[in-house]
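Consider the two complexes below, in which subunit A is the common component and subunit B and subunit C are the respective partners.
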Partner chain A sequence: MKRFAILAGVWVLLLLAPYWLPLVGGYMTLGTRVLILGLAAMALNYLLGYTGVLSFGHAAYVGLGAYGAGLTIKYLGFGTLQGIAAGVVLGTVAAVVIGPLIMRLRGIYFAMCTIAFGQVFYFIAFRWHSVTGGDDGLGGWKRLPLHFFGYSLELVQDEVAFYYVALAFFAVAVCAMGLLLNSPLGRMQLSIRENEQRARFLGLPIERHVLLAWVISCLFASLAGALYALLNNFADPRILRWDFSGELVIMAVLGGMRSFWGPLLGAAVYVVLQDYLSSITENWMSFIGLFFVLVVMFFPRGVLGVLKRARS
Partner chain B sequence: MSLLRISNLGKNFGSLVAVNDVSFNVEPGELHAIIGPNGAGKTTVFNLISGLMAPTAGKIQFEDMDIHDLPPHRRVQAGIARTFQITEIFPELTVTENLRIGVEIAAGYRLRPWLSRGEKANIREQVQKLIERVGLSTKAGRLVGELSHGDQRAVEIGLALSLQPRLLLLDEPTAGMGDQETEDVTLLMQHLHRTEKLTIVLIEHDMPLVFRLAQRITVLAQGEVLAEGTPAEIAANESVQAAYLGKVE
Partner chain C sequence: MTQLLLFNVTNGLIIGAFYALMALGLSLILNLSGVINFAHGGFLTLGAYVAYSLSRFVGFWGALIVAPLLTVLLGMAIEAVFIRRLYGKDPLYSLLLTFGLALMFEDLTRFSWGASSLPFVIPEWLASPLSQQMFFLTGYRVFMVAIVIAAVAALFLVLRYTRLGVRIRAGTLDLDTVSSLGINVRGLRSLNFGLGIYLAGLAGVLAAGMLGLQPTMGTALIMPSFIAIIVGGIGSLAGTLFGGLLIGVASGVTTVYFPSASEAVMYIMMGLVLLVRPRGLLGEEGRV
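Now for the complex of A and B:
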């Protein structure tokens, strides 16, 4: 019952965001950014919090999703939905190719290798100026109107309409992750997080299960990336870089990596703090850093972890 | 036909010989104890049987199948389950959640993203039975990380049993336990062996317990088999007394 109330609360807040956001001093694209980065952080947390595997290279898959969408819309004349699909396919294929190479690694070695592979994609985007726009990013394209059943939905001017499109994808992705985590497949991941040795001697082929979790996580990360490019009508090479991977980890840990919704809350805190602080000072990152250190030191279970404990 | 046949098994760590030319068989339905002083290679033998380590010499056959080259999960699928000297469980999950993972693996559901209502009910029922079998009914909803050492051991044995193994390897199941807990685990082993006819290989330091439960005993010393026989034969064996048991009055 309590769980149902929380779920209902989260979805009502998300559905009504365009109405309450201006009342608290927010604006629509800020809300959409929270939503999309929240999805990326939740996708990362599918691996970090529920399989116990730390990836420090998820920016690569977010970025591939963004460039996959941007490049196909710009050069191949894809529509908005096809562009999203292309981004997801690109990111997921990359995960399927890279995953098997690093599945036997654990802990810091795994994290280092995810950074290394991530940086490969960053440098491709950075150097291949003629196609990707290099350091300037991939601009010169726009999200196109959606057409379905004879209706046409204008997205370019209408930020609220795009928020709801993003929310629809967010809902599908989050429901899929939630259902997976409540299935035998998800519980196998949990067992690996809890005790890899025990899971192995219950007969689990650990590497294959970690690989599966990795691919699922990267798939949703690249979906977030495609949506992020559409939000900005622009693909930024910096979201391929390893420090963006770090930002995603910070969001997940800030919000609470042992809770399903924690990373969304972490993304909200991070994005809003960034938005607010960066309008006051150029050194906003040091304040976010300080805040992060305090949370990790005093609330290792994140913001949501604290709320949970206070309630019980 | 033996359930498990170990032939000339050897394991070196560099120049250190941990296990050398060890052979013994385990018959179906038998409770076979492995005893020996610390460092005799008992746990290494378990690690070789379960696949945690690869042997440097010898063969391991389980029901006619050579298993010494198989990865651990394949040996589990073949029917071998084990516990560890230091309890290996899923600490941040409840007793029910722990055992459900094992039951779902045994049911072949490990890759299933959903279960039908009937399948769920079936799993729940099996988990329930298992919880009763290991005597944790009153603690089903507790996090296992918060349970007593003895109860954690029961959870680990429950996890091994959830796989419906045909061979159960128990590595010092009573280590570090009080008298009551030791008695509980002993009764559980006795029940599994006598009533459920499960084949068990047991590593144990508690000699009265070993002589009470075991049908056959293999004595290891410095990585080699010193003696093998019934409890009575082992108790009467002079080299065992000299090397391990000390003088018996």
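Now for the complex of A and C:
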């Protein structure tokens, strides 16, 4: 019953966001950004919080989703939906190729290899100026109207309409992740997090399950990336870089890695804070850095983790 | 063409020496304390900028000696206040913490010394080329390589022959046993951290003399250092050294033929190594 109430509350808040957001001083693009980065952080948390595998390189897959969508829309004339699909395919294929190389590593060594591999794509985007726009990013394209069943949904100017499109994708992705986590597959992933050795002795094919969790996580991360590119009508090389991976991890930690909705809450806090800091000071990077330090020192369980603990 | 190749191989070796110096420090800390020090690049930058400010008062030589030591002091203070509390916890937290520190270092450097690049004055007799034919072989470059070799040799000698070195090596293998033998593990980790930071600070001063100073100079070196560690083999310091030189030369050679792939080649090498030998070229079985 309580779970149902939380679920209903979250969805009502999300569905009504365009109405209450202006009342608290927000604006629509900020709301959409929270939603999309929240999806990316939840996708990361599928691996981080629910399989116990420390990836510090998820920016690569978010970025590939963004570039996949941007490049196909710009050069191949893809529509909005096809562009999103292309981004997801690109990110997922990269995860399938890289995953097996690093599956045998664990813990801090796994983290290190994900960081290093993530940078490959940053350098490709950075160096391949003629196609990707290099450091300037990939601009010069726009999300197109959606056509379905004879209807046409104008997305180019309408920020609210795009929010709802993003929310639809968010809903599908989040439901899929929730169902997966409650399925036998998700339970096995939890058992790997809790005690990998024991799970191995019980005969679970650990590598295969970690790989699967990795690919699922990267798939949803690249979906978030594709949506993010559409939101900005721009693919930014900065979201391929390792600092962005760190931002995703801090969102997950800040909200609470052990709770399903934690990363979304973390993304909301982080995005709003960053937006605010960069509007008042040039040295916002120092404050973000300080924020990382403070979260780790005083708030390692995250908001929802602290709440859970206080209740029990 | 031959000269161009020679130039780039030399260049690659020198850059590789930087990677190695930086990666050795990272590796020391990683092996003993299980912390990936993201802020290592920040310490390098700081060493360079401190040397820049000091050199006005104590000259190049004074700065070369004092700046890395000041960096070590700051490093050990940060270790004592922040990083020490995270030993034994989920490595995620030390990653995030040092990541935050790295952001702060970069931004504060930019704030204090400005975003534009600054020149670092080296003694005149070091700045001139050694021969007409090999115009790229300046005295400074040779001097730099000599310092790096001396530092690496000193590190390996310390690890091999001193009591501290023996304890560090033992702690890398089994910290619990070292602790139960009555050795102060806390102090050991702190000294080891300082040793790693010293190498970063030294690399910073040397890099400043060759490339000038930029707030991002350390961040640019951190990824190649990671690759050096992975390629060389996690847990093996000799591997880290070898890995650094190897990717330096590889990226130097690639610059001759295909400049835009000079970074990508490092990652391709890393992928190949992980594919055929997941523990790295000189890594020991079972460490990963």
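Going forward, the second predicted complex is superposed on the first by the 310 of 312 C-alpha atoms of A that agree within 3 Å, B and C clash if a C-alpha of one lies under 4 Å from a C-alpha of the other, contacts with A are read in each partner's own complex, and residues count from 1 in each chain.
Keep in mind that, in the parts below, contacts are C-beta pairs under 8 Å (C-beta built on N, C-alpha and C of every residue); 3 or more make two chains touch, one makes a residue touch a chain.
No experiment lies behind these values; they were computed from the predicted model shown.
Asks: Which partner does A:101 contact after superposing on A: first (subunit B), second (subunit C), both, neither?
Replies: second
Asks: For A:200, decide between first (touching subunit B), second (touching subunit C), both and neither.
Replies: In the superposition, A:200 touches subunit B alone.
Asks: Have a look at where A:246 lands relative to subunit B and subunit C in the superposition and call it first, second, both or neither.
Replies: A:246 sits against subunit C, while subunit B stays out of touch.
Asks: Which of the two partners, first being subunit B and second being subunit C, lies in contact with A:296: first, second, both, or neither?
Replies: A:296: touches subunit C, not subunit B.
Asks: I'd like to know which partner A:46 touches here: subunit B for first, subunit C for second, both or neither.
Replies: Neither partner.
Asks: In this superposition, which partner touches a larger number of subunit A residues, subunit B or subunit C?
Replies: Between subunit B and subunit C, C touches the greater number of residues in subunit A.
Asks: Between subunit B and subunit C, whom does A:190 touch in the aligned arrangement: first, second, both, or neither?
Replies: A:190 contacts subunit B only, not subunit C.
Asks: Please work out whether A:117 is in contact with subunit B alone, subunit C alone, both, or neither, and reply first, second, both or neither.
Replies: Second partner only.
Asks: State whether A:286 touches subunit B only (first), subunit C only (second), both chains, or neither.
Replies: Second partner only.
Asks: Is A:127 touching anything from subunit B or subunit C once the two structures are fitted on A? First, second, both or neither.
Replies: second
Asks: Once the two structures are superposed, pull the subunit A residues common to the subunit B and subunit C interfaces.
Replies: none
Asks: Which subunit B residues qualify as touching subunit A in the complex?
Replies: Against subunit A, subunit B makes touches at 50, 52, 71-73, 76-77, 81-82, 84, 88-93, 97, 100-102, 104-105, 109-115, 156, 159, 162-163.
Asks: Considering only the defined contacts, which subunit A positions touch subunit C in the complex?
Replies: Residue positions touching the partner: 48, 54, 56, 98, 101-102, 104-109, 111-113, 115-117, 119-120, 123-124, 127-128, 242-243, 246, 249-250, 253, 283, 285-286, 288-293, 295-297, 300.
Asks: Over in the complex, which subunit A residues touch subunit B? Could you list them?
Replies: The touching residues are 179-180, 183-188, 190-191, 194-195, 197-206, 209, 212.
Asks: Show me the residue ranges of subunit C that touch subunit A in the complex, using the header's touch definition.
Replies: Residue list for subunit C touching subunit A: 30, 34, 36, 38, 82, 85-86, 89-93, 95-97, 99-108, 111, 223, 226-227, 229-230, 234, 260-261, 263-264, 267, 270-271, 274-275, 278, 288.
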